[in-house]
Structure formats: C-alpha cells, structure tokens
Amino acid sequence: MIKVGIVGGTGYTGVELLRLLATHPHVEVVAITSRGEAGRPVDDLFPNLRGHFDLCFSDPAAGELDQCDVVFFATPHGVAQSSVPDLLEKGIKVIDLSADFRIRDIAVWEKWYNQPHTCPELVGEAVYGLPETNREAIKNARLIACPGCYPTSVQLGFKPLLEKGLVNPEDLIANSASGASGAGRQANVANLLTEVSDSFKAYGVSGHRHLPEIEQGLKDIAGGQVNLTFVPHLLPMIRGIHSTLYATLNTKDVDLQQLYEDCFKDEPFVDVMPAGSHPQTRSVKGSNVCRISVFCPQGGDKVVVLVVEDNLVKGASGQAIQNMNIMFGLPETSGLEAPALLP
Amino acid sequence: MIKVGIVGGTGYTGVELLRLLATHPHVEVVAITSRGEAGRPVDDLFPNLRGHFDLCFSDPAAGELDQCDVVFFATPHGVAQSSVPDLLEKGIKVIDLSADFRIRDIAVWEKWYNQPHTCPELVGEAVYGLPETNREAIKNARLIACPGCYPTSVQLGFKPLLEKGLVNPEDLIANSASGASGAGRQANVANLLTEVSDSFKAYGVSGHRHLPEIEQGLKDIAGGQVNLTFVPHLLPMIRGIHSTLYATLNTKDVDLQQLYEDCFKDEPFVDVMPAGSHPQTRSVKGSNVCRISVFCPQGGDKVVVLVVEDNLVKGASGQAIQNMNIMFGLPETSGLEAPALLP
Amino acid sequence: MIKVGIVGGTGYTGVELLRLLATHPHVEVVAITSRGEAGRPVDDLFPNLRGHFDLCFSDPAAGELDQCDVVFFATPHGVAQSSVPDLLEKGIKVIDLSADFRIRDIAVWEKWYNQPHTCPELVGEAVYGLPETNREAIKNARLIACPGCYPTSVQLGFKPLLEKGLVNPEDLIANSASGASGAGRQANVANLLTEVSDSFKAYGVSGHRHLPEIEQGLKDIAGGQVNLTFVPHLLPMIRGIHSTLYATLNTKDVDLQQLYEDCFKDEPFVDVMPAGSHPQTRSVKGSNVCRISVFCPQGGDKVVVLVVEDNLVKGASGQAIQNMNIMFGLPETSGLEAPALLP
Amino acid sequence: MIKVGIVGGTGYTGVELLRLLATHPHVEVVAITSRGEAGRPVDDLFPNLRGHFDLCFSDPAAGELDQCDVVFFATPHGVAQSSVPDLLEKGIKVIDLSADFRIRDIAVWEKWYNQPHTCPELVGEAVYGLPETNREAIKNARLIACPGCYPTSVQLGFKPLLEKGLVNPEDLIANSASGASGAGRQANVANLLTEVSDSFKAYGVSGHRHLPEIEQGLKDIAGGQVNLTFVPHLLPMIRGIHSTLYATLNTKDVDLQQLYEDCFKDEPFVDVMPAGSHPQTRSVKGSNVCRISVFCPQGGDKVVVLVVEDNLVKGASGQAIQNMNIMFGLPETSGLEAPALLP
C-alpha cells in the first residue's frame, strides 16, 4: 500500500482526494494536515466520510508527513513552495494541486500571483501533470505541478487542432464556465447561495490567472506562438466546467471527428462524443472523464469544440490521483473507475 | 411625500426595502446608513437599483436621519436598541425589522439573544407589527417591532384555530423551511452555494430564537398557555418560507375551509387557497402575500395547515412597509401591489 | 384605458405579460385565449396572479379579441400567421412575440422553421420591434414582430461596434446562455429539473433558429454583410440570458467605454455598466433592463462585450409592452419601472 | 459472477442500478429491457455510462432475461405483477423496486394504486426488503418487494422508539421532503426546472400512496396499531430525502442517543450521528447510507428524529442491491462502499 499524506485537507480538493482515495485499492491515507483544524476528526468536518476514515487533522509541524511515500498539496497558492524541498529531500514524492510550480517563467508567475516565488530552483524540475500531453515525464517525476481546472479543459480541447497545425494559433478563444466549487471553501459574500444561485456572470475578463498557464501549455502543444482570449464565467451550480472553444481553420481538408477520435483513442479519461453530440457537465459529475465534441457550424471556417470535466476531479483531485498512479506504476485508472453521478 | 431613512442598508432586508420603496407612490428615501460602506453609491453594491436611486450610504453619525419622518432598522439584533430613543424623541417614527423589541419579557429576550437589553423601557411601548392581529395598535404606534419571518407564517397559520379554541394549544408543531436569504448577507462558509445548494437539512432543533417570539404571539391569540415544537429547515433556494403546521382538533364539528376564509376575508395580504390546493413558495416570490391551505388528512383528528410567504417581503421588508402604510394613514397596499415573479 | 388581448396565454411569455400588465396604469386586459384551457380561471393556472385578474381563458373562436385595441400573440411559431390578417382588418394592432414575422426572406424563414409561411404578404409590413434600432417605425406600426430573446441581447451588444464599423463584420462570435424558461412551458423530459439542474451544456451548435434573425439584424445595423458564429447554452436556472460577444477591432483608436455610453445614453432600458464591471443576470431578473459591459482584454485586438437581460422581459414580454407603449404614445417605461428582484 | 437483468431501464432507478453495478465486483449485467428504446445503446441515453457498459436495450419479449440469476424491476407500478410468476418459475430471483408486492392487504393496494392486482397469489410470498427489519427473511427469498423511498426513511427513523414502546403509536407525524428525482423521468410540466426550481411545496396532504406502506411497516415494528400523519414535500433539487419525525414520549426515563446507537450498531448502512448533529441530505448523495439524529427539544415530551437518505440509493436502487447481496450470500456492502459526493 502506498502511504499518502494530504496537506491542507479542509478545502474542496482535499475532501475530494479523500472521497476518491477511500476506495483506491493500493493506497492508505496516513496523514492529513490543517493548522486550523488540528485534532478535529476529518469526518466531523466532512460527514460524507463517516465510516471511511479514522483520521484527525494534524498540525503540519507534527511530522506525520515523514512516513508518506507521496504527499498531495491541496493548499492555497504560495504554500507548497516552502515545504516541498524538505519533503523531496526525504525521498517523498510531491503532487501539488496549487499553481506554485505550473509556470516555468518565474517572472510571469510572480506577476499573476502577486507574490515572490520562494522556490524557483524547483520550478524547472517540476513536471506539468497533464497525462495526455506529458505521460512519459510524469512516470519519473519527483514533483508534479497539477494543471488548473480551466487549463485542463482548454488544453485537451485544442490539442488535436494545434498539434496538427490546423488552426490559426494567433486567434484562439476559450469561453469557459465553472461551477462555484472552483472558488473553494472560503467564507466570502460573493459565493453565498443567495449571490450565485439563479444567476450567471463572466468574471476576470481583463485577465485571469489561468491565462498564462493555458498559453504556456498551448505553446508547448503548438510548438510556437499562440494568442488566446479567455473569458471565465460562474455557473449557479456546484461542480463542472464547460469550455466552448473557437478557432479559425486554415484548411477545409480535415475530418474533425476522426481527428479527435484518433488523437484520444488510447486515453482512458478523454471521451470523444459521437458527431453532433453536446456534452453535459452532469455526465462527468464525480468522475475523472473529460468529454469532448467538435463542430464546424454551417460549414464555415470556424471550429467549435465543447469540453466538459468535473473541476474537482479531472480538473484537480482526480487528475492528481491519475498522476500518482502513473508515478507509482499502478494501473492509470485505479480508484478512478466509478461512473459519474447522473441524475 | 413621506421621508424615509434606512439604517443598515447593506443586508438583504435593506435592499428589499429599497426595491419595494422604489415604486411606492408616497415615499421618498432620503437617507441610508452603513458604517462600513459610507460614501459608496447604493447601486454600486446592488446593481438592480441602478437608475432607481441616486443615494450613497452615509455614516449614521452624519445626522441625515434627522430629516426623516420614519426610520427603518434593517440591522443585526442589538443595534436598534441604542438609537431608537433618540429618534423617537425627535418625533421620528421607527420600524424595527430586528428582534430588539419583539419580546415583552426582557429576561427571555436576554436569554435567547445572549446579550443585555439596553433599552428595556421602550419594550412596553413597542407595538408588535403583525397587522392581521394588531392593526389598531399599529395605527397609533411610534415604534413598531416587525415580526420575524418564521413567526409571521406560524402565527397567521394557527390564528383561526387558536382564536376559536378548536385545537389543543399544548400540542402544536411547526415544521418550517426557509430559503437561504433568511441567513442574511454575511460571509459564512455554511451559506456558500457549494454548501447549501442541492441539499436540505434541519437546524436549531434544540431551540431557535424564533420559538419564544412565536409562543408569545400564539398565547396572545389563544388567550392562554400554548406549547409549540418548532423545527426550522434550510432550503436550497434564495427566497421563501413554507410552514407545515400540525395540531389536534378537539372537535369534528367545524368547516375548516370556511373558518379560514372567514378569518382572513378582509385581509389584503392573506390569501386562503381553494380547498385541496398546495401553495408553492414561488407563488409569493417578491410579493407581500401569504397563502394558506388547510387540510384534515384521512378524516382524522389532525389538522394540517400549509403557509407560504416570501421571507424578505411578508416576512420582513414588505410587512415593514405595510406597517408604515398603516401608521401614516396610506392605503395599506401602497407600493405592495405587484404580483409575485413566476416562473 | 387600452384594451388588451392575449392569444396563447398558458405559456411563460403569456403569464409574464399578465404579471407586467397587472400594474400597468393605462391598460386593461380584457381577453386571454387558450383552446386547451378555455373556461379555466387564469389564476388557477398561475396562482401568483390570484387577486390581480378576474379572467378566464376563452376559446379564440369566441370572439372576445374583437373588443381589443391591441392583441399580443404569445403562441408557438406558425400560429399568429393565420389570425393576424383578420385582426388587422378589424383595426386591431398586433404584437407578435413568436418568430412568424421576424425574417424578411420568406425562404429563409421556411427553411429554419420547417413549415410553409401562410401569410407572406404581411411580412413586409411587419416592423421588427427592437426599439433601440427601430423606434420611429414602431410608432406607426400596425404589426410588430418582437425580437427573439437571444437576438435582442446580441444585436444590442454589437450595435455600437457595427454601426461605427470598428470591427471585422465577417468574424463575429456570440457565445450565449439562457435560463430554462426560454424553452417554454412544455412537457419534455429534457427540461425536467432532474435533467437541467446542476448541469450546463451547449445546444444547437450546428445551427439555431435565432441565427438568421440575428444575422439579418446585424446586417441592418452594419449596413453590409456579416458572419456570425452563434453558440447557445442552457443554464441551470429559470430566467436570464447572458451573451458574451467577441469581435476583432480594426482600430486601436477608440474609447470603447465612451462609445457604448454615448450609443445608449438616451435609452431607458439599456444600461452601460461602469468600466470593468461584470453584469450578472440576477441584476435584471424580472425587469426590462439590458445591462452591457465592454472589455478589451490584455490590450489586444479582441473586444469582448457582456450583455445580460431577462429572457422573459426584455427578451420577450417586457419588450412587447415597450413596443405597445411606443405604438400608443404612452411613456415608454409605463408598467416597466420596477427594479429587478435581487437577491 | 451473478448474471443480472433489469426490466425498465430507462428511468432513474434503472440508470442508478447500472451506475452502482458498474463497479460491483460480483455482478455482470447481461440484459436490460425497454419496449420504447429497444436497440438503443444504454450509454446513448445515459452518457455517464459511456465506457462502462456495452449493452443495448432489448425488447422484453426477446427472452434475454432467461439467462439471468436475478432480475430487477425498475418499472412503473403494475408492470412487475404480470412478469414475475414466469421468471420465478424459471428459477430466476426477482427484486421489484415498484410497489406491486409491498402491501399485504390486496384491497388496500388496489384502492391506493387504483387498479386490480393481477398476481395476488405471490403477495404473501414476497419479502419486504428492508434489511434492518427483515434480514433473515431476505436471505431465503425468491421475490423481494423493495420499500419505497419515503417508507424507508420513516420506518428506520421510528424503529428504535416503536420497538421499545417508548412513544404513543397513535400520534406519529412524518414530515418528509424529497428531491425531484422521486417523481421519475417522465415528461410532465409540473416537474420542469422552471416549475420546481427555486420553490418548495407540500403535496398529497390528503393522502399519499406511501401512507399505507409506512403504516403496515410501523405496525410490524410496533406489534400493534399505529396512526400516522404523513406530509410529503417537493424539494428544488435532484436527490435526497429528509424526514422530520415527531412523536410523544410516554417516559422521560430513556437515553435517546444511546437507544439509537444501540439499535443500529451492527447496521452497515445506518449511521446514528453524534448528539446535536443535523444530518444533511448531501452527506448521503450517491451513497446507500441513511443518517439519523434524535432530539428532545427544550426537554419536553416530544421527540424529533431527523433522517436523511438518497432516494435513488437507500430509497431504491442501492437498497435493491443490498437485498441482492444478502440473497446471494455476498458481503452486504459489495458495490455500495463509495462515499457520498460532497460537495
């Protein structure tokens, strides 16, 4: 059994790691830390876990993480940086769900996250944990930077087009929408049910932190410059991301459906829907699957790609476990086989 | 035009007062105070009011309330107490939406609200602002204690039965459910969309602050002792209260439908539904109407009463305006005529 | 008092007309027809209207519409066509909320609505009822074709850019999302709460009936050819449309905020938000206002316009009443002054 | 591997059986029938199952059920009756999720379900599938009548009190609320998102079909006459039942918390919460667990019991699988171990 630790287990990605790991056949969760909740049983905070874990939150200083084979960071941005070097030195692998090691250009990171980076020396070693583009590197990584929720959906959706050079990379649009769990479990008037429910809005149109991460990933795929307009929106629901992607085709000589099916045919967690289908976020609720459809409306030169994922699973904790499975030589789908909850 | 001031206008009962007063033909809102938001335009905080008010929040110390004919307190419990005496002395009427003056027994108030009452001398003068039981006293009041949201629904629902002595007053049950706006506009993890949405729970079963208020009101109606079990629940929606009331009939010789229709036949805001109807909270969303149905299931001795209201309107701001209309000799329905928003 | 009739009053645009007309100072609703519900009191079907209307649905054949000054059609597509000529001949004005008279090219209409047009001779006379582009023609119209819900938001959002020729008209994108009330009050598995709630999806990506209507309107504004990619989405909520519009600027030399404020400065129902604001659909729930924001993200050449409206009000019944006010020389805002319901 | 068939797989209990059986280690689903959808791939109707089943719906007449060890009926009431005898004769066990075999008194069944019972001879043999009261009989049953969703919650909640004779059995109240999935996957205006969302109502107050089923079960537990007032309500959400139960204690000499913990201490799917807790429906979403709390508010003689379950799992498909596990000598929790989805 792989011994797992979780840092910052009081947020939604923390409880989602626990939910998924509860039935993982090769894993034992041995430590979960939280400064604020140290000593409190995990299932007191998250009653869905009653009967599944006999763990209490511990103070990170108590050293319980030292017994782990791998530690997940489910912390706000800026936290993992300071603890990762020590863990790596002890031979413990790290999978970071925060943005700390996602962006290779330190200056760009510091600008968008508005703080100095305290561990720039490890940024180069960190492997960006998107298995569909980076599986080989993940196998041997000590430190994984898990992709953001929006970036996962946008990169998977554009991948077939960009890697074949079929669209103008300088004119990409990602119109994305996320459920409210993407904002985390923080006390905040703006995320009250009374403020979010029965309403819809865009936010961060001037610039969102996921923009540089997405652009870096798309450049890697395209092998050259890209330009993206990214507009996130907030959905009146808990889970789910839907990205509607727009690009301009530079050829008519392509079977888009076949292109997408071929690109992802060996991927266990990317499902290309039958031609003409519109994926619904509920079809992936609670599951690690990303579903994709591709259209060329009215036979014009615009391609429209629809991508859905569960922001807490493929967009965060599920993808983190997928990375762990790859790193430890387990079947990639271990612990991630359950179908989505529908209805 | 009646000059109106609002103290504590940044919460949901504050914005609801403004929404309703925006189209009131006999009222001008001249001041709205908030310590935290002083100087900020009201419509910056509440964009639905853009184009309706050219007001900024002002500091209560700035004295703008002095020009008012009537001041509404839409403040947390304990705030109105300290300001009311000064306003009354200046000849300004006060309508308090908080619980400060609702309970006549000071010791009971202090126990349930867990603080000393700083203005006990005015509690006796305050008139409990439930027009359906107290209209005459309201006409001449200087100080109105507006009923709580749950208490309004429970008192109206039991009134016909208790005032005629048709049920056992020692065995009353009120199973109530409220939308999340009842918890106010406070940053609080428990009221995030991600916590409340797609779920349902009871709360405060051991004891809820509205219990003593309801029992006091029911005693006044019954003219004697009552005993109530009150269980509130939290609904995954914004507005609306639904109370399901249970009592044991002490006679079979009563036409319940006729009883309810007769009791409320002159009430502009209580609508007794046709026999067999089940009122929906959405049928009163945004309106000051309370709809009621009465059943005697399976011909037994239990009577079941269903009551719906909008907790922010008949349960708070609309009822406050209804009180104002009565106090100032206006038509009781002024500013409160619009139908509910459905769907 | 203007005598108003409504044909097809059992759907959501029908009940919304009634809700808004209930407080309209210059209107009396004298007839509302429904074949299926003839004889049933209106407030039995829509309990929010109890106390507001003493009307029953009547059979259209009963002739009650003959006494009207104006008749609204809130019917499925294809119904108005057959009744309008007779009403116009009797001197009764008609405001059609369906698509029957929106598209000037009969062949295009017949292709998208998949039925023959039975009244092509009136299509030329019908005035497209978007006051912000067509007010003068509306004043003298006998027959108004009310714009669709999506088309209203997209045309208003692109208007300032297209009429000044500031963007490439051949590369326009409208990424729109609507609440479920846009699908009407039809028994349909796909629109059950259990299917729509807590989920999000695109639909009609290959082609949606509103596309030709929007393109016709944008051409009129631009004075030349346009090309639009239009992707509608279904929101897990009742009311509200949000359109996120993308276009490529052909100049940097424009103050977008000023452009929008100038364009709509005399419009009573278009509210240009302060720079940097993100309009929320809830800020217009129940009101006839359309709120717009404009961005130029990251200083690039893409302009992003955010538009919100209530699909049942500015997107349907409210706009129909606005047209009526203009046609009858009433203040344009009569009956449409109430602020949106928030929260 | 146990060979499983499902009759009527197009509804919500059908897809929920498939979702749960997808990861059941001892089961293979070999047939799923639907007259209306024969030939259609199951995952075309329910895209959450893509990649999990390679099955098409088949016509029940095609005989594919004959190869099964057990057949689940997820059909409307009245359907199982006609098919069960034939299957039993072939040695196939049957687990019926409908109401056909729940009520022992045929006349009562016929009155409440308003149709003749076509298979009364098997009603006596059918075992009521509530493991917590009936485990031994289930082990040897050929035909299981799965309890209704409301009845499961009410019987489990009252069980400790009734079997010890601690409350007045003639004065029981069950105030229950269910998510909309309880109404099934039928085209119906009343269950549209636009009708159910953002609202709450009681229904069936005069009498609901679950009343006789609950009373039969409570009598079995109490060993004597009971009288129940049962009021169901419709919640604006998909999954979850919450029952708030009221009874009058006939003794003060009881430790209620201990009573409940003792009663259910060996039950794998009944979780008695810590004293003072309020269970939330979301804590059991997608799981087979029923969580219970018990209160004695204000030290009076009323006991209040709170019970939550997922109506599609413990209230239907999960309980059906729990019954199957017991019948086939499998671990009772097989395929039912995953924690609830929260948030």
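Order of writing sets the chain letters: A, B, C and D. Residues in each chain are counted from 1.
Everything that follows uses one rule, which is that contacts are C-beta pairs under 8 Å (C-beta built on N, C-alpha and C of every residue); 3 or more make two chains touch, one makes a residue touch a chain.
Given the structure is predicted, the values throughout are model-derived calculations rather than measurements.
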- Query: Listed by label, which chains are in contact with chain A and with chain C?
  - Reply: B, D
- Higher-contact pair (C-beta pairs counted), C-D versus A-D: A-D
- Query: From chain B, which chain is the farthest off, judged by mean CA positions?
  - Reply: A
- Note on the structure: Expressed in whole Å, how far the mean CA point of chain B lies from that of chain D is 39
- What is the distance, in whole Å, between the centres of chain C and chain D, each centre taken as the mean of its C-alpha atoms? 45
- Query: In angstrom, rounded to a whole number, how far apart do the mean CA points of chain A and chain D lie?
  - Reply: 36
- Query: What positions in chain A touch 2 or more of the other chains?
  - Reply: 12, 181, 185, 194-195, 197-198, 236-239, 279-280, 282, 285, 343
- Residues of chain B touching chain D in the complex: 171, 173, 175, 177, 194-195, 197-203, 205-207, 211, 227, 229-231, 233, 235-240, 242, 244, 246, 248, 276, 278-282, 285, 293, 295, 297-298, 300, 302, 304, 306, 308, 343
- Query: Any idea which chain B residues touch chain C in the complex?
  - Reply: 12, 15, 18-19, 22-23, 44, 46-52, 181, 185, 197-198, 238-239, 271, 273-274, 277, 279-280, 282-287, 289, 291, 337-343
- Given the complex, residues on chain C that touch chain D span 12, 179-181, 183, 185-189, 191-198, 236-238
